[in-house]
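The structures considered in this document are given below.
First chain A sits with chain B, and in the next complex the same chain sits with chain C.
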Partner chain A sequence: MLFGIPITGETVSFFLLALIIIVSGVMLLTLDKVMHMALALGGVFLGVAGIFILLGSDFLGMVQILIYAGAITILMVFALMLTQKGDDTSSPPTSGVRAIFTLLGVVVFAVTVLLVIRSTSWPVNRPAVEPFAKPTVTLIANAMFHTYTVPFELVSLILTAALVGAVVIAKKED
Partner chain B sequence: MTSAFLTFGDAWRNLGPEIILTVFAFVIMIVEFIVTGTKKQIAPWLSVIGIIVAMIVTAARLSGVPGLSLPVNAVDDFGTIFKLLLLLSSGLVILLAIGSRKQESLPYEYSYLVLFATVGAMIMASATDLITMYVGLELLSITTYILVALYKKSIRSSEGGLKYLIIGSIASATFLYGLSFLYGMTGSTQLGTIIANVQSGWSSYPGMMFLSLALIIVGLGVKLSVAPFHLWTADVYEGAPTPVSAYLAVVSKAAAFALLLRLLIAAYGQGMGQWYGIVAWLAVITMVIGNVGALTQKNVKRLLAYSSIAQAGYLLVPFAAIGQTATTANISQGLSAIVFYLFAYALMTIGAFAIFAVVAGARASEGIDAFNGLYRRSPWLASAMAIFLLSLAGMPLTAGFFGKFLIFLVAFNTSQYWLGVLLFATSVIAFYYYFAILRAMFMREPVGDRDPVKGTGVMHVVVTLCVVGTLVLGVFPSSLMGLLNGLHWFG
Partner chain C sequence: MFNWQLHPLTGLNFLGMIISGVIVLLVTLLVVMYTIYFERKVIGWMQLRIGPNRVGPLGLLQSAADVLKLLIKEDIVPAKSDKVLFLVAPVIAFVPSFAVLAVIPFTATHLFTAGLNVGVLYYIALSSITILGIVMGGWASNNKYSLIGGMRSAAQMISYEIPLGMSILGVIMISGSLNLNVIVAHQADHMWNIIPQIIGFVVFIIAGIAELNRTPFDLPEAESELVAGYFTEYTGFRFAFFMLSEYVYVFAISSLATTLFLGGWSGPFLPSWLWFAIKVSACIFFLFWVRATMPRIRGDQLMGFAWKVLIPLALFNIVLTGALSLVA
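This part shows the complex of A and B:
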């Protein structure tokens, strides 16, 4: 028991994954080169995939690795390699007042969330979750094509609009 | 839990107007792609036709054509009346874009992007599932980011688009974070199940309920440009093409209001007595900051942006007022007041933006001095602008006055006198800055030549429609109130 949390394989892997996500996230924000940021983003995606698998969503975890950590990160890296010219380092101007207010906001928000979580009495007598008891692919398919057909179709509209918009904004004036 | 596949018949009875708009959007996309040169001018007219058809189908639901509520998306009078408002405003905005083509020639892609955005806005008005709500919000948001950056000749349009993208994405993420807590406490994304389970949420996890409520209000507050989340508003409205500014001010705001009202009344209604104070203070801060911020603006577009912030504050007042005594009668009175004011707000805001587009285009200036001596140049445009501004300020015989009066009545009915008094006190400030434009139009001499300011024919149609609507709602408010009083809001 450490801080009231039992030390099991599950909690150890959770904290390791959380550490990977947080470290990658902080690196994403603080690194100078855009290319390095894209790679740090890949670390965040991998960590999140681990969390999914830990929660029993094996399929979602694999898809997360394939699409996010694999395809999207690589796509981003390619886009950067094709468009970046010369030195891509940028150091945004930092102002002291702004940093103080940002810190204040972050601390207040973090303390609020932490206090709320600590003061909530969570139900603890849950039966142990059987890992990978149900085929998660079937569950996802049911959710997507039965329960959430309407939002699923709407997402295709979002993709169309985003794609068209990207082309319209990027193409040259004729 | 396998349910049957969604048939097209069911989808049509649930999402008829949205399907029409989507089909029109894709057809226009293809048409716009095939035809060349001046023939492309047909594209925005096609989207006006699509919106009119969708309006007819939507209006039919109010007169008894049955719809079908799905678990993810309801057909009820609340959604239907908001959809009518959204469609009417989107139609006027497209006409405004057609009319201002000479000054700001947007790429024709806007004609179907606006339809996509309107589908998102309509989904927000009727969604009864957290996922559908979020998808609708994202459809509207992502499309409007593009629309803001569409005027590529202006660097400020791109800047506004980027600003809106960054702030809007953070807002969406905050909203989603709040929804995730709500899902965690009630175990469902569907509003029906959430309502059944939320009682235990308030008693077991009150802190979590407040946290999720706060995150949802912050996320949607950015979209509504409620103070203190309003800082993007003036910059984005100024940079965006004028029709898009009008779209953001009216459609985007009305849709976010619909979503906020349905979500808070349904999911958080049981604890309303505990949290209505948050909304009341937001309303107060917004009214004060919006009206005081407008005082120092020299650019008319920024002035209208600040005035739209203030209007969002007025719209929050009935919502805050029903909080203490949330009976069904009070809620429907509050909703009637909000919807009436939104109709009035849509007409007067789009009208004001239309005249601004004509004048700013002709005088090549966005400042208040562009309006100098407008009455000598074009008496009709000056008089119409005067009607819109007086209505925005709340002058009797205009729609804006009656809308504010209704909001005032709600506040008095629920004994929230201080909110009503603040509403009128801040309106007095509003008169001051609207009069700056009125003084420029009527008292000042025109600078330089005295040529009349000419707008296109379509522009005059938009202005006339808005003037007629503003006056009819102001002189015969019962025409809309009768309809609103007969509605069964949530079915």
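This part shows the complex of A and C:
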């Protein structure tokens, strides 16, 4: 027990993942070069995927890695490589007045959040959440292809239309 | 035999997992060393040359000498490069290439295998992160050849990832699981997936070679136009890391092809690990054979081939598999 939290594999991995997400998030906001920010964003996505897997939804975690950490990050990097020219580190100098107001805003926000957290009544001693009855792949497949077949097909139709529309718009500009 | 997949996670089991991870790493390094040796030997024989034969008996220590040479070389970081990204890119490229081996069932006892319910997806998802390392390395080098090589590899690997994933779908539909252990067990009971899934297998092999950036799809590192592609500026052990991740992927994709289509560790008489080794060696030999035989294809043909030939073929395979499973 440490600060009232039992030390198990789950808590250790949760705090490690949380640390990864927060550190990557802060780096995403503070780094100078856009390319470094894209890499930090990849770190955030990976950490979130880890949280998904920790919660038992391994399929969602893997799809998160495949789509976000893999495809979206690379797409962003690709776009940056094609559009960025030379040095992009120049950030506008911050004035003293602005820094003071920023500090004020952060303090007010932190105090508000702290007060809200303290005044909320959190459920204690809830029974442990049951693990999924079947593999999550089976559950998701049943939901998509049995329960919600029509909405699923409609969504795929919309996505196809968006894809074709994007191609048409891109062709028009040539 | 002891089986990781049936035991809870305790401290001792965790230690065992780390030890088996290290064993897999060492075995992989050995496999990579002799993959490189056999690549040079096999291509040498195919081109009526002898291949490496000076270091050690029959040149067996040639790869070890090459690795030693790379490790003691000076580590040069170009002055105008993006230092942090330049240093971290080989690591981003290598880590997923080794991590994907966690789900490969090497033996029937699953001694080193994670029984992941989404094993196939895990492989596809992690291998896509390597592209990030390659693109980052190409961009951070601040060199036009590296940049073009990195961009080509990003475009190529993203395009060919789609037919690769789709070609596996047929196997998943037959086996009814994403778990690689279940897929192998299903093949041991019925027949190798290569027979009902021959279209999927062909698409898988072609897309797999393209994912590996190997000849005839080695445009990202085409030496006649791009010097060395995305690792032009890399030297010493960082260059070795890029090469290592490439050859670990050769091993990994051969293992995946064996697992998905060639029945994995299943086979009569011989022990399971030996069957696995034989089938993986056959796959790796096929990759070398293709490399020695085929010329490099053009960039415009490359993209058209993925989008106009492979993806429709893979889609057709999925529909065919679904129809056949309805009939049977």
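Here, the second predicted complex is superposed on the first by the 98 of 174 C-alpha atoms of A that agree within 3 Å, B and C clash if a C-alpha of one lies under 4 Å from a C-alpha of the other, contacts with A are read in each partner's own complex, and residues count from 1 in each chain.
Here is the rule we use: a residue touches a chain if its C-beta (ideal position, glycine included) is under 8 Å from a C-beta of that chain, and two chains touch if they have at least 3 such contacts.
Keep in mind the model is a prediction, meaning the values are calculated, not measured.
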May I ask you to decide whether A:Val113 touches chain B, chain C, both, or neither, giving the answer as first, second, both or neither? first
When the two structures are overlaid on chain A, which partner does A:Gly42 contact: first (chain B), second (chain C), both, or neither? second
For A:Phe59 in the superposed arrangement: first (chain B), second (chain C), both or neither? second
For A:Pro6, decide between first (touching chain B), second (touching chain C), both and neither. neither
Have a look at where A:Gly96 lands relative to chain B and chain C in the superposition and call it first, second, both or neither. neither
Contacts for A:Leu154 in the overlay, against chain B (first) and chain C (second): which applies, first, second, both or neither? first
Chain A residues contacted in one complex by chain B, in the other by chain C: none
Note which residues of chain A are touching chain C in the complex, please. 9, 33, 35-36, 39, 42, 58-59, 62-63, 65-66, 69-71, 73-74, 77-78, 81-82, 135-137
Sort out for me which residues of chain B touch chain A in the complex. 1-6, 11, 14-15, 22, 29, 70-73, 107, 109, 112-113, 116-117, 119-120, 123, 129, 131-132, 135-136, 138-139, 142-143, 145-146, 149-150, 152-153, 161, 204-205, 207-208, 210-211
Chain A residues touching chain B in their complex are 112-113, 115-116, 119-121, 142, 145-151, 154-155, 157-158, 160-162, 164-166, 168-169, 173
Provide the residue numbers of chain C that touch chain A in the complex, in ascending order. 9, 14, 82, 84-85, 88, 116-118, 121-122, 124-126, 128-129, 131-132, 135-136, 139-140, 147, 150-151, 154-155, 158, 178
